[in-house]
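What follows is subunit A paired twice: with subunit B in the first complex and subunit C in the second.
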Partner chain A sequence: MFEARLINSAHFKKVLDAIKDLLKEASFDCSESGIQLQAMDDAHVSLVFLTLRSDGFDKYRCDRNLTMGMNIENLSKIFKCSSNDDTVTMKAQDDADTVTFTFESKKQKISDYEMKLMNLDQEHLGIPETDFSCVIRMPSAEFARICRDLSQFGESIVISCTKEGVKFSTSGDIGSANIKLAQNNNFDKEEESVTIEMQEPVTLTFACRYLNFFTKATPLAQQVQLSMSDNVPLVVEYQIPDLGQICYYLAPKIEEDEN
Partner chain B sequence: MGILGFSKLLADVAPHAIKEMELKHYFGRKVAIDASMCLYQFLIAVRNDSGQLATADGETTSHLLGTFYRTIRLLENGIKPVYVFDGKPPDLKAGELTKRAAKREEAQKALDKATEAGDASDMDKFSRRLVKVTKHHAEECKQLLTLMGVPYIDAPCEAEAQCAAMVKAGKVFATATEDMDALTFGSNVLLRHLTFSEARKMPIQEIHLDKVLEGFNFTQKEFIDLCILLGCDYTDSIRGIGPKRAFELMKKHKSIDDILKNIDKEKYVPPADWNIDVVRNLFIEPVIADPETIDLKWGEPDEEGMVKYLCGEKQFNEERVRNGVKKLMKARSGTTQGRLDGFFKVLSSTPAKRKPEDSKKNTPNKRGKVGAGKGRGRPK
Partner chain C sequence: MPRVKAAPKKCIKSNLQNPANSWVFVIKGEALELSDQYTGTGTPDIVTLRHPNTGESAVFLFSAANNSVQEILSFSDGKRGWFVDESVKNDGKMNLSSPIDPIFLVLPYLRKYCSNQVIPLDQLLRDEEFPETERLLKSSGLKYLNMIADRKGDEELNAFKYNEDKTLSWLKKKTEKLADILKAKNIQVTGGGAVSASFVKTGSPDNDSYLKYAHGIVSEYLMDDLSQKLLKYLNLPEDVPQSTLKRKSTQQTPQQESKKPRNEEENKSGSSNVLDLSKPDPKMPKTQVLNAKDKARNKAASGCKPISSFFKKT
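Then we have the complex of A and B:
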């Protein structure tokens, strides 16, 4: 028997918004410690790794480990039927074919939705522990803005991190664009700080399209952390307060001609 | 061509070995293309009302047009193709080739008859059956590929075998052919429909050999026996045993030798002097060039050379050719998106658990799709 309850369905809605552009379907792995989801997009360019800790829920029970394959679009449809302040309860029997979502509104309204589970082929990827050359923390809204602005000019964004700061740049048919952010420790408002931990400078190129998918997680956290090293995927990390975290991995673009 | 009834059997027994993907998901992949197969496709499919495309002197150009545009399409999608041409056919194929020649003769006769009667649809039908990929076609394509900066390889013997060896050596990601033989030769990944026209909107079928073997519960050796039993190009098979029966017999007896010991030889007559070991060996140790010695390089396209060749000699429209070259140049410039599977290791893959029910539901559907692709291969 699996049961998980959140006071505000809005939290879960935001999580869904953060993954639904990347994944059409995905498996939620439920265990005693919480719910995890690890999946690559169809093209195997990016990977989403979502963790929702059991203590982040108001009630959590998972007697046996269970994997629920779900169509994310349909799942979003169900959550669209709920109001933000509804309490949501997810329930599934062991070895069940379906999962139910119960929304309880403050006005004594109770709605039940049952959804069929799917069988999905799953590939679990081993993510090696990496010491990153650069770790950048910045306001998530700022990062979203930069990605959005730069994607008007070109298909890819070059992120280069040095001691002085971090530079986002792109170029395309109409011209080029550069945005520089300097380190800035704001002790009064920590969420507005830009901090950089750097071992050595790194410059990598990434597809705007994917970065814009990642920034859909912006409402979940005030800060975002970007970790980069040469020739390894970028990690974009959002800490969801009191509930867990969502990490995105993105393979860099590589220069041609090393056949 | 390929193994009779195999794709249907595969869809029935091991449906999860077949994945359907979109072309754009193959960016960054190197793919070995069975050139004879795709030239044949082009000669059949690239046509106008009066038959194959040709220059004013009646020289066919369908294969060049196909090679030009579809290679551009692959490159635009970030795929790096290498074409592999057939060499000398193995001696065992002689029987198969004689049969094909006989069929062609028949088609020629039927075509003559249809021409006399003036039946246009029959004329078209039989002229398609007459199509043959000649050395001349292959040479012209090689010349074009060189100008486009796309590598090609002359296999010493069968192209599929060479492709399979390159996949095994990790030189390329997959073999692209319609022919299931590539699996028998041990190509880990097989792509079907890769060189189909964009207009047909056919998804790419990706078939993984390890999943096929897992689904069938066979070793590669048993799998080869099954393919021989189903009928391959190199030998006749036992009359009266279809795909389903062949599969059941293989499940039970695990090798052709044991099957022969156990079946009623009066009813099912094996071919006289059936030399299975030689055929098996052809699959296990085919004549190939060592893939390690092959250096694959995708070079700069030669615009003027292409214009001179295609427009000058072959009377293509210059504007279209130049546009095509522009696309080629664009595909070469800039960076390629990396793939995550290059960075992370797959720890475990769990195939869907409740698959049995699922596959039953899917099979009729899949069968339909496979059926639709039928008849696109080389003539038997």
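Then we have the complex of A and C:
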């Protein structure tokens, strides 16, 4: 028997918004410690790794490990039927082929939705611990804004990180764009500071469209962490307060010119 | 592109119940024979690919192991029929196959997509209109792709960037080789008007005439603008209109129409005791319908290594 309850369905809605553009379907792995989801997008260049800790739920029970394959689009259809302040309870029997979502509103309204589960071929990838050359922390809204602005100019974004700061640049048919951010520690409002931990400078190119998919997670966290090293995927990490985290991995574009 | 003459094997598929559903092929033997190393169960397959010159669909023949490609030319003069065993076949078309360098088929894709960016080959050769294009990946001729493109990144990634200088010098070599063969075979190449290629004329034509004729043949497999560039690269005069150099006019002739894929009904065939050459469709994969969003995403993903190559599978 699996049961998980969240006081606010809005939290889960935001999580779904953060993955539904990248993933059509995904397996939720439920265990005693919480819910995990690891999946690649259809083009297999990015990976989403979502962790929702059991202690972040209002009530959590998982007797046996359970994997639930779900169609993300249908899942978000179901959550569209809930109000943000509804309490949501997710339930599934062991070896069940359906999962039930119960939304309880404060006005004594209870709605039940049952969704069929899918059998998905899942391929779990082991993500090695990496010491990154650069780790950048910045306000998530700022990162979203930069990606959105630059996407008007070109298809790929060059992120280069040096001691001075981090530079996002792109160029395309209409011209080029450059955005530089310097380190700035704001002790009063920690969520607004930009910090850089750097071992050595790194410059990498990424597909703009994918970064824009990742920034769909912006409402989940005030800060975003970007970790980069040469020849390894970029990690874009959002810490969801009191609930867990969502990490996106994106393979860098192959360098145009190696010399 | 020397056309090596091998003893052609005649392969007539007889289908007595419905003789209308068969084609007559003259195929170069090597496409039908399986090499000793090959252990699979495939049979030679007729598929449609994008023609490198016109961009339209054209019919090609893959050998069983997909390692060699032949183009299929069909010849039809309308007033012809075939006797097959004891029946008469109304359709008098004759389909001839001859080996083609797969690089010619990859070239238009490279030119179109890899001029400014680097794309792994397996991503490049995905053509929604012609899903069979992917088979080219296995053809042995592609190991010479570095003749027209620069390899970028790891060997296993197989990513290339188009290099026009290399391409032109590669085409030049092809043209010169072809001109040598024309010369060796004593093929008549001079004269702007209609002259039979077997017409023997006294006095030997100069090298340039052979080159020009060879260029015309090579251009059948090149986009028009590249053909013009090659002409300049060969230092040949441009004054001659292209159409007289080409053996094939750019208009749609009935012969070209016959290269279009046949409709489903014609493809359905009964039992056959020879090779089933008319079966391109049954295992045609259902191409997934991609919406605009997916297409845009796939485009954005091009030029990236798959993420799974960074992480170990567990």
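Just so we're on the same page, the second predicted complex is superposed on the first by the 255 of 259 C-alpha atoms of A that agree within 3 Å, B and C clash if a C-alpha of one lies under 4 Å from a C-alpha of the other, contacts with A are read in each partner's own complex, and residues count from 1 in each chain.
Just so we're on the same page, a contact is a pair of C-beta atoms (placed from the backbone, for glycine too) under 8 Å apart; a residue touches a chain by one contact, two chains touch by 3 or more.
Please read all numbers here as calculations on a predicted model, not as lab measurements.
Taken together in the superposed arrangement on subunit A, subunit B and subunit C clash.
Using the contact criterion defined above for the overlaid structures, shared-chain residue A:Cys208 touches subunit C, although it does not reach subunit B. By the document's definition of touching, of the two partners only subunit B reaches A:Gly69; subunit C does not.
Of the two partner chains placed around the shared chain by superposition, subunit B and subunit C are both touched by A:Val232.
Of the two partner chains placed around the shared chain by superposition, neither subunit B nor subunit C is touched by A:Ile110. By the touch criterion stated above, A:Pro128 is placed in contact with subunit B and with subunit C alike.
By the touch criterion stated above, A:Leu120 is placed in contact with subunit B alone, subunit C being left untouched. Contacts of A:Ala43 after superposition: both subunit B and subunit C are touched. After overlaying the two complexes on the shared chain, residue contacts for A:Cys81 are found with neither subunit B nor subunit C. After superposition on chain A, the stretch of subunit B that runs into subunit C among 8-16, 242-250, 260-268 or 296-304 is 296-304. The intersection of subunit A residues touching subunit B with those touching subunit C, taken from the two complexes, comprises 40, 42-47, 123-128, 156, 207, 232-233, 249, 251-256. Every residue of subunit A that touches subunit B in the complex is listed here, in rising order: 40, 42-47, 67, 69, 97, 118-128, 156, 205, 207, 232-233, 249, 251-256, 259. Subunit C makes touch with subunit A in their complex at residues 117-118, 120, 152-153, 157, 159, 294, 296-301, 303-314. Interface of subunit A with subunit C (complex): residues 40-47, 123-128, 155-156, 207-210, 232-233, 249-256, 258. Listing the residues of subunit B that touch subunit A in their complex gives 16, 21-22, 24-25, 27, 80, 296-298, 332-355, 358.
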